[in-house]
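Some structures to go through are shown next.
Common to both upcoming complexes is chain A, partnered first by chain B, then by chain C.
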Partner chain A sequence: MSDILNSLVQIVGEKGVSNHPEEIWFYSRDPGTLEPHEPDFVVAPRRVDEVRDIVKFAYEKSIPLVPMGNGMALTGLVRPLKGGIVMDMKRMNKILEVNERGRYVVLEGGVSQGQLKAYLEDNYPHLRHSIPDAPPGTTIAANVALHGQGRLTQQYGFNSDMVTGLEVVLPTGEVCKVGSCSIGPYWFSKGPSLPDISGLFLGWLGATGVFTKVGLRLFPRKSLRDVEVFVTDRADLVEDIIYRLTHTEMIEDLTIWFQPKPMIFKDNYHINVYFTGDTEEEIEFKRKMIWDSLKVHMDSKDGGFMGVGAMKATFLEEPQRSIAAFADVPKGGGFEYSGPISPIEHFAKYTAKVYELAAKYNLLFAGTARVISGGHAMMYGISFAFNRADKEMMNNVKEALEEANEFTLEHGSIPWKPTVSEQQMTMNMMDPNTLKIMKMIKKNLDPKGIMNPGNWEVS
Partner chain B sequence: MYSLKHDEEVCATCPSPDCLLKCQYMDMDKEQAHEEIMKVVQGEDSLVLHKCMTCYGCEEYCRRGNHPYYLICEKREEKGILTAARPITNQWINMTSMQGKSMTGAIEEKALSCCLIPELKGLGRGRLFEDIAPSFIVGAEFMCPAVHTHFAKMSVVKDRLPKVLENYSALNVKEVVCLHDECYATFTSIAPAYGIEVPFEPIHYMDYLLEKLHVLKDEIQPLNVRAAYQRPCSNRLIPDKLHLVKEIMDLIGVDLMEREYQGENSLCCGEILRTISGYQLTDDVQKRNIDDMAASGAEYSVFNCPFCQTTLSEKAIKAGLKPIHMIDLCKMAIGEKQGGAIK
Partner chain C sequence: MEPMRTIEHGNLVHRCFRCGYCKFPSDYVDFNCPSYKAAAFDTYSSGGRMWLIRAWLNNEIKTGPRFADILYSCVACGNCTEQCVYPGFKDHLLDIFEEAKGELVGEGLIPPTVRDYFKAITVNGNPYKLPQNERGKWAEGINIEEYSDQDYLFYVGCVGSYDEVGMHMARNVGTVLKESGLSVGILGSGESCDGNEVKILGETGLFLKLAEDNIRQFNELGVKKIITLDPHAMNTFKKYYPEQGGRYQIYHYTEILDRLIRDKQIIPVENRITVTYHDPCYLGRHHHIYKSPRSVLKSIPGLELVEMRRNGVDAFCCGGGGGNFFTDINGSGEESPSRVRIREALDTGASIVAVACPQCAKMLTDAVKAEEMEGTLVVKDVAEILRESI
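Entry: the complex of A and B
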């Protein structure tokens, strides 16, 4: 053990390595319901050559290695299931380049969402990125590694669709560039018109390499932003409402949510419609188009726009902090969700299941959905809050989420940032030839199986 | 269940059906107005039941005190006619339901009612309220249910109002100063219209303010500003209190500007119109209203109802006006900071 420690110290210095119990405790868990797994070492590199040397060392010694951003996935994705080294990327936090006219940024693998947001606001006020509704300390690289979604996902797709290039340290230690940056200084395309090899890394949850640099698309930041909230009590209408709203092609973000408490939200489905503009005229024009698109449902009295009033400031927050407030409703600060990427047509079915599970397991729930890419799919979040001190409640949440996952998988959904058991369930349902390709990729890139072992592990 | 005291004969013999003739949202001649209100009275379908915007105006226009607005609401509910979307209607019912979360201070015989509007608790502080602020009441258990008339849910009003009054009664209060105009209107208009006894004396906050300002007269520094007043819908139920606005303004040195849309011709803030009718009518009404305030030469737009203030503040600011609640204006006049109003 001390040999490994000494080797790691030689690479990153004493302050960049730890095997102290407090760090081991901290890096063994995430805030979800899954049981902790202890690493043997925690290492925090500052440069790509240090990452490379750590990975090479781990490969040579066959030591499991888990790259980590902020560890907030809630689904236990950076718990070191087989021990070894957790590589905390947060010290690699430089924003390397902003190409203003090309609207992209190149940043190191530990840059956080909050850091990029603040940097752009200070230096490029006309640009923004697709910030997720996650704590601001979560990292860009981890977000794209798990196909994250954010505030601009309705308009532009998954945050991983916004990647314009990658620098990845492969499990064998080579530093590999992906996209236009592999042939020149520009980071404008992760694939086209080259063969797009970013798929060897995006969505693999760190099981095929460590992201040391990410190129990311930026988007116009309009000077005005507003929200309207459409409310209906019929889950079966939500699919049509989404279809009509996305037809306007004017919506920045589209989220659907329902929860039993407080009473103002009881029994209704709320559709938050975000839109932007550079002038009052633009905003008002879009507002009218949005209202007009749902006239049929207003005329039938099945739905209407609610007065947002004092709630508007909360709705417009980026990221939204109301999720943290939900986690503390039963006291004890626990919160976990299942987030299947789903066909929109299943909204009503999934919603009925949420109510059923909440009743069966006696849990407080919140249901959310975010429309993806103009209405091709939605990320459906089934969230349960729990008291961390209440083991029975935590277990109920775990069982309820497992049942939810099973149900949504059976209905054609794909689990988002899946737990290891969800990954296994998914692979069990997968076409054998697809599975074969995944196995080939993993085996060739990571022949010793050291990278984030347990994740996307094809048996 | 209580029932509305409405006299069919009063409508049948009405020489001038002002209730509908003066309506700002339906255009009728005298003959049609009479016909339509009689259809409502006799339980027939009427365009009134489909087009009423619930501005409360007809309660004020009716000179014979026959409660046309409450009648329209009753008949709508009887026929299952929704004014707003069903989920919005239920949202209001749910969010105002009694959940045992009310707060009361050190209650004395005279209490200060903040309805279900926490911001009013902030307004009801300072020297003007030092006598009664500790005896505050806020919460759904003490909320006036008049808002449900907008959704034609008179059953909710009739169910909840007696409970609200019981809750007040349990506190042994003798006088209640209502910071929400609509609470006072509920206790003095809706309750008697349904034969519901109010077990205390309701006091409109403007009456209270006037009295206090007289006491503090020597400390008033005339503000020497011009203001346009936004009259809320609830004030249509208590037109006898309208004069208080001018009296208070005079006392604190505020020039209350003449407007096209004032008194009986006041325009709704638009929030309920938006819910019931959509943006076209709302945009039109709000634009006319704000333009009229600005054209009057006012520097301030003065609000009585916090909801009106929330709804119109941004538009008022964009028109170069300074939105402010009546109470805050009075606080300014005695050199106090504003507090609690929705900015």
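Entry: the complex of A and C
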């Protein structure tokens, strides 16, 4: 063991390695409900060559290696299921290049969402990226590695669709570039018009390599941003409401939320419609189009736009702090959610299931959905809060989410940032030839199976 | 077998979600938790510390040097309490850290530098292990009287009394106060440690003894109003002395200077300099005094005040708080808080970093040397800049 420690110290220096019980305990778990798995070492590299040397060393010695961003997936994706090394990437936090006219940024694998947001506001105030509502410490690289979503997902798709290039350290230690950056200095395309090999890495949860650099699309930041909230008490209408709203092609972000507390929100479905503009005229025009698109439901008295008032600042905040605050509703510091990527037509069905599970397991819930790519799909979030000091409640959350996952999988949804057991459930349902390709990819890229083992592991 | 431990706010510890808002300033531009910035691991952030305290209270980890290092690396800057998203919990973050350190003190398992600090205070009455009769040396030659029945007591504290940079600052403040005509006196060699760092480092017993002695002395002298050089002393006088019976009107010297300027008792003259101001945590985040020092600087004709990227409630700590000024748990490496902060000051284009705390003054002066910025950037306290402009 001390030989491994010495080798790691030689690569990243004494300060960048730990096998102290304190780091071992902390890096064995995430804030969700899943049981801990202890690493043997935690390392914090600062440079690509350090990452490369760590990976090479781990490969030579067949030591499991888990790359980690902020560890906020809540589904246990950075727990070292087979021990080994956890590699905390957050020290690699340089923003390397912004191509203003090409609207993309190139950054290191540990840059956080918050840091990029602040950097753009300071230096390129007319550009923005698709920031998720996860806490600001979550990293860009981890977010695209798990097909995260953000504030611009309704318009432009998954955040991983916004990747314009990657630099990946392969499990065998080679540093590999993906996309236009592999043939020249520009990072404008992750694939087209080359064969798109980014799919060997995006969505693989770090099981096929470590992202040391990411190219990411940026988008225009309009000077004005507003939100309207449409409310209905009919879950069965939400699908149609989304269809009508997305038809306008004027919406920045479209989210749906329902929750039993506080009482004023109970039994209603709130559809937050975000829109932007450079002038008041543009904003008011879009507002009118949005209102007009739902006239039929207002005329039938099935819903209407509510006064947003003091809540507007909360809704417009990026990231939305109130989402993390949900963890404190039972005064217990925890929540976890299942977020299947689903056909929008399942909204009402899934909503009924949320109520059923909350009642069955006696849990406090929050239901959310985010529309993806103009209405092709949605991320349907089933969230349960828990008290970390209450083991029974935590176990109930775990069981309720497992049941939710099973239910949504049966209905053709695919799990987002799935737990290991959800991955297995998914692979059990997968077309055998699809599974065969996944197995070939994993085996060829990671012949010793060292990268984030246990995840997307085809048996 | 590990002992069963309890701390006063132990029932809140599990409420930390470790979301990490506490690591950042309000606009997320960089990590704003100095110990996390200096270290490589999440364990050194407020959330990490909180989760480890929970594990430790549950006997999932044992008391050890690393755990002590993690606890004592906290500079008590208060960024986490500003940024935490959980009302009712956030107000007690620093209490929980202090209580855990108190347990370590009780178990005798504290870092050697913390132990040495307590020992020096107990034996010598100051962390510098210097004689008590040298406490008033800073005031030699500036004609400021011993406190008898003046309107204000000017309380200097350990750093202002013994540290070279602190003494320079005390002389500047003392001189400006005296020359303004303010009725002010000092305790000189009769002054004792205020105990702020003793308390934050977890030695409650020693703190109470220091507080009792100071309160007795202040009361015997009839002290009603105190001006402090050091925001750390101001903090303890304001927050903790009243519950021990010591109730006084407490001011930081920048508040008094601001008032004297407004009352035309001090009239600054032109001084064409570019200055950036570093907010001390115990003045800013802990007591929300952001305007007074800036008003003093802005009152100087020709002075251009330029703000650092992180300022006010988002200011990045110099790393000296929480007793780290004396215990140096976070070290002096490239990512040490004072060096990070001084690089941020350089980015403003200012030639002077204004400070309002002797601990910040010392930390940043040393950082200027470590970064080899002498000749480019100089650290001066607000009173010194004012004195050069009268």
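In this text, the second predicted complex is superposed on the first by the 459 of 459 C-alpha atoms of A that agree within 3 Å, B and C clash if a C-alpha of one lies under 4 Å from a C-alpha of the other, contacts with A are read in each partner's own complex, and residues count from 1 in each chain.
The working rule: a residue touches a chain if its C-beta (ideal position, glycine included) is under 8 Å from a C-beta of that chain, and two chains touch if they have at least 3 such contacts.
In this text the structure is predicted, and so the values were computed from the model without any measurement.
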| Side-by-side fit of chain B and chain C on chain A, or clash | fit
| query | Of chain B and chain C, which one touches more of chain A's residues? | reply | C
| request: Name the contact category of A:16: first (chain B only), second (chain C only), both, or neither. | output: second
| query | If you stack the two complexes on chain A, which partner ends up touching A:31: first (chain B), second (chain C), both, or neither? | reply | second
| said: After the superposition on A, what does A:119 contact: first (chain B), second (chain C), both or neither? | reply: second
| query | Given the superposition on chain A, what is the angle at the CA centre of chain A with arms to the CA centres of chain B and chain C, as a multiple of 10 degrees? | reply | 70
| query | Which holds for A:263: it touches chain B only (first), chain C only (second), both, or neither? | reply | first
| said: A:334 in the overlay: touching chain B, chain C, both, or neither? Say first, second, both or neither. | reply: second
| message | Minimum CA distance, chain B versus chain C, superposed model, integer angstrom? | response | 18
| Overlap of chain C and chain B interfaces on chain A (superposed complexes) | none
| said: Quick check on the complex: what are the chain B residues that touch chain A? | reply: 82, 84-88, 90-91, 94-95, 97, 99, 271, 274-275, 278-279, 310-311, 318, 342
| What residues on chain A touch chain B, complex-wise? | 231-233, 262-268, 280, 287-288, 291, 295, 297-298, 301-307, 309-310
| remark: Seen from chain C, its contact residues with chain A in the complex are 14-21, 23-24, 27-30, 39-43, 48, 51-52, 55, 60-62, 64, 66-67, 70, 85-86, 89, 309, 333
| query | Which part of chain A faces chain C closely enough to touch in the complex? | reply | 15-16, 18, 20-23, 25-27, 31, 42, 44, 70-72, 88, 90-91, 112-115, 117-119, 121-122, 135-137, 321-322, 324-325, 327-328, 331-335, 387-389
